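Common to both upcoming complexes is subunit A, partnered first by subunit B, then by subunit C.
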Partner chain A sequence: MARLGVEAFRYAPLVLLVIAWELAVRYGVISPNFLPEFSAVAGTLWALTLSLELPENLGISMYRQAAGFSLAVVIGVALGIGMARVRAVELAFRPLVTLWYPVPVVALFPVLVLILKLGDQLQITVILLGSILPVILSAYNAARGVDHYLAWSALSMGTSPERLLWKIVLPAALPGILSGIRVTLALSFVLLVASEQLGALGGIGAFTLSAGENGFYTGMFAGILTIGLVGFVADRLYLALIRRLLSWRDEE
Partner chain B sequence: MNAIAGSNAVKIRARGVTKRFAVRRRADVIAVDGVDLDVEENELLAIVGPSGCGKSTFLYMVGGFLEVSEGEILVDGRRVTGPGTDRGIVFQHFALFPWLTVRENILYGLRERKVAEAEREATTAELIALIGLRGFEDVYPKQLSGGMKQRVAIARTLAIDPEILLMDEPFGALDAQTRTVMQDELLRIWNQRKKTVLFVTHDVHEAVRLADRVVVMTARPGRIKAIIDAREAHAPDAANVRESPEIARKVNEIWEHLRDEVALAQRQEAVSSSGRGG
Partner chain C sequence: MAANALSDRTTRQRETPSWLAYRAVYSVVLVLLAWEIASRTALINPFFMPAPSLLVVQAVKLTLQGELLPHMGATLLRALGAILLAIAIGVSLGIAMARIAAVRWFFDPLISLGLPTPKIALWPIFVLWFGFHDQSKIYLTTFACAFPLVSATYLATRDVDRYLLWSARALGTGERRMLWKVIFRAAVPDILTGIQTIIPFAFILIVLTEMLSGGIGLGSMIMLAGRLADIPTVLVGVIGASILGFAVIRLGEYLRARVLVWHEETTDHA
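Let's turn to the complex of A and B:
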């Protein structure tokens, strides 16, 4: 109960912001041409939910986000740990990673459209390419930083060098990897919306864009609110997962 | 100096063992320099020496974690080429797996060696009782004191029942009472299961009380300065609890050898911290 109170208090600034928004528009501090009242946006949100327009677009978007993000995590972790542990993998991929680092993926969008055509694969690719670096780098650094005494202990207790990766390197590197994945998670939402607004068949980003272009402002803000909320909830859930997985960690 | 043992079977044989570490933009550090040493089967051998003289490095080479730069180490007549379950090690800084509970840490080696579950559980329960950590089975290492961690590290190594125990200051983090209890436990286990034990300590009294022989090392580069037989100081009727006036005499004898080396090591440290050593 007390916990709940604390949680509620933490979100108080958000509630205040919403109230300020509502009042500012209602009393003409902000013109309704820029920003519809919160209550109007909420009403549209509800209507769009009942008409399934929002849920359907959200479903399309979440599929793309989940696919792109999962691919980034799986490939990124494998690549990062591989580079840290196997000299040949490091030699092969380090130049690629270094070159990739400063490239803004969204700038490549027109090229990707030519290659991939419109469709889920386009957004999935943009998310994968644009969000994979934090996972690669954190997995690489975490796997490099594994205390060699842990590996020595395991070897002297009968773990084979091949099994070391699963038994020692992965769990020891987990905290670093998980914090890199959090950055990737946030990036994946940004890239999702950006790429859907640049060109997509459906999805919450495309919906928001066309609502705006057609002067359907409450719908546009309802879309923005939805994607913001989903991203926020995803991050909270992810944090809770980290806390569970890393309850063993010594935090200072 | 009887570095080379006589009658009993030799368990560990070191010949001309040297370890050089390459250091950036400086001359190599010679950590261990030409050590010849025979450790007999079932012997309890202590190594003492000033800080930084290469004691841990020597233990790591016997463990197979570090390669020798020169010379060779034989265990049961076979050259050491890497770590093995015949040699268990307790590290100076414990190296417990932080993501495993106390119980899981102790179980680790048993699981890796595919020991049957019933036996695994029995061994683990017995060891947890031995180290006095009942009630802490499901706690993660971060919640343990230094002394408790050290005891888990000892239990984890004992669990795999290696023929050779390598221990790097195994009781260093313990308070005086627990230390005596654990020392006596080590003697009891050693008497029961007959292991060859090579342990490093800073505590000369502990070395004399526990060990058959005590190796005194020089300041870096670590060489063997003297080997002192401590058996004659142990009361013959008391296998487990070793106290006698002889012990104090042996401690003094070892200190005579150690004093200069400790002073030298301190000078080395002063020099290298002022930026010119290496």
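Let's turn to the complex of A and C:
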């Protein structure tokens, strides 16, 4: 119970803010044309959930996010470790990564639309291209940082190169890789919403933008609250996953 | 995502021999050359990936027509404005959170809730509140960049070496002097890292909001050219935005070295 009290005290500012929002609009401090009452937004959120409009768009978006993000993680980790361990891979990809680094990928959206046309593949590609770099860089740096003595000892005791990768390099590089993936997770949501606002067939970002353009402001706020909540929950779930994956380490 | 791309910048400065730097330039030239040949021989679709030489020609043409620099200028000014605003708000709020319990109590849940959520989702709200022009773009970017900066400043200020504080207090430093002369100085390197981290984000967000709204700016130019299937202009715009971001990142590194002249990080390899 004491813990519950602490948590309640901790999150009280959020509740206060919502109450202030509700009262400020209700008593005319802020015009409802600028900010609909919180209760009205909550009502719309409920109605849109029951009518399945919100869950359907959210489902479309989550499919795109999951696909783009997983591809970025798998390809990024493979490339990063490859660049760190195999000289030819580094020579081939380092200049590409250097060139790619400062490019704002969302700005390539108009070209990608022309190549890929509207559809899930468009959003997935934007997420993949735009969020892969932090994974590559953290995997590269982490795999390079793996203690040489660790690798040498394993090799001298007869570990095969393949076993070395799975049993030594990957576990030793894991903490660094996981923190890079957290950045990519947050980035993937930004890219998802941005690319859906720029042009998409359905999805929560497109829904929110068109609600705003049509003056359906309670729907717009409901959509934005949903996006924020999903991003936050994804981050918390990821942190919990990291803690489990790294529970074998003695530090922390 | 900071300026340290493939290796930690300070160690790179110390350890990288100059021939390696030249090799990096060569490999970039090699990539451009491969792109040029592949595009010219139609190995890759020249419509979607026009040769780099054609992009240079297009950039010169747009500049002479007066259609590139005004867009770049608008994007640069908006991004700089948003970065400066974010620094003003983020650093002062971060320090206040570290020093004042009530401020920390109020903002801590808001920051931890807001940090991992995609702020670009708020774009329709900012349009509703601030219209389609400079304000909505700059404010949304400021808002999005403030979160990581508040967090970086808060952690940097909170974690100032306690022995440093005790020594200063034992030597008779007053509370106000302490904030400015000891805490702020000790936290500056990490705060600067936080500022350097938001620079690329600021440029991406400004270009993105320009793409969503039209008018002047590289993002609007890119979107308009995209609708006309004018890919060379799109790519010139993307490269222009990359160059702006890169230049400001470099400016940040230069200013960091100037500001931290007194710090070991700078004096070590002088």
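Heads up, the rule we're going with is that the second predicted complex is superposed on the first by the 237 of 252 C-alpha atoms of A that agree within 3 Å, B and C clash if a C-alpha of one lies under 4 Å from a C-alpha of the other, contacts with A are read in each partner's own complex, and residues count from 1 in each chain.
Rule of thumb we're sticking to: contacts are C-beta pairs under 8 Å (C-beta built on N, C-alpha and C of every residue); 3 or more make two chains touch, one makes a residue touch a chain.
This structure is a prediction, so every number in the text was calculated from the model and none was measured.
Annotation for the three-chain superposition on subunit A: subunit B and subunit C fit side by side. Within the superposed three-chain arrangement, the count of touched residues of subunit A is higher for C, of the candidates subunit B and subunit C. Of the two partner chains placed by superposition, only subunit B is touched by A:R249; subunit C is not. Shared-chain residue A:S156: touches subunit B; no touch with subunit C. In the superposition on chain A, A:D147 contacts subunit B only, with no contact to subunit C. In the superposition on chain A, contact is made by A:P134 with subunit C only, not with subunit B. Within the superposed three-chain model, A:F189 lies in touch with subunit C and out of touch with subunit B [touch as defined at top].
Aligning the two complexes via chain A yields an angle of 90° at the C-alpha centre of subunit A, spanning the centres of subunit B and subunit C, rounded to a multiple of 10. Of the two partner chains placed around the shared chain by superposition, subunit B is the only one that A:A172 touches, whereas subunit C remains out of contact. Of all C-alpha pairs spanning subunit B and subunit C in the superposed arrangement, the closest lie 8 Å apart. Interface residues of subunit C facing subunit A in the complex, by the touch rule stated above, are 1, 5-7, 24, 27-28, 30-31, 48, 105-110, 113-125, 127-129, 200, 203-204, 207-208, 211-212, 218-219, 222-223, 225-227, 229, 231, 234-235, 237-239, 241-243, 245-246, 249. Partner subunit B is touched in their complex by these residues of subunit A: 147, 149-150, 152-159, 167-168, 171-172, 174, 247-250.
The residues of subunit A lying in touch with subunit C in their complex are 9-11, 13-14, 17, 34, 91, 94-99, 101-104, 106-111, 113-115, 134, 137, 140-141, 183, 185-186, 189-190, 192-194, 197-198, 205, 208-209, 211-213, 217, 220-221, 223-224, 227-229, 231-232, 234-235. In the complex of the two chains, the subunit B residues touching subunit A come out as 60, 63, 65, 82-85, 87-89, 91, 93, 95, 97-100, 108-109, 112-113, 140-142, 156-157, 160, 162.
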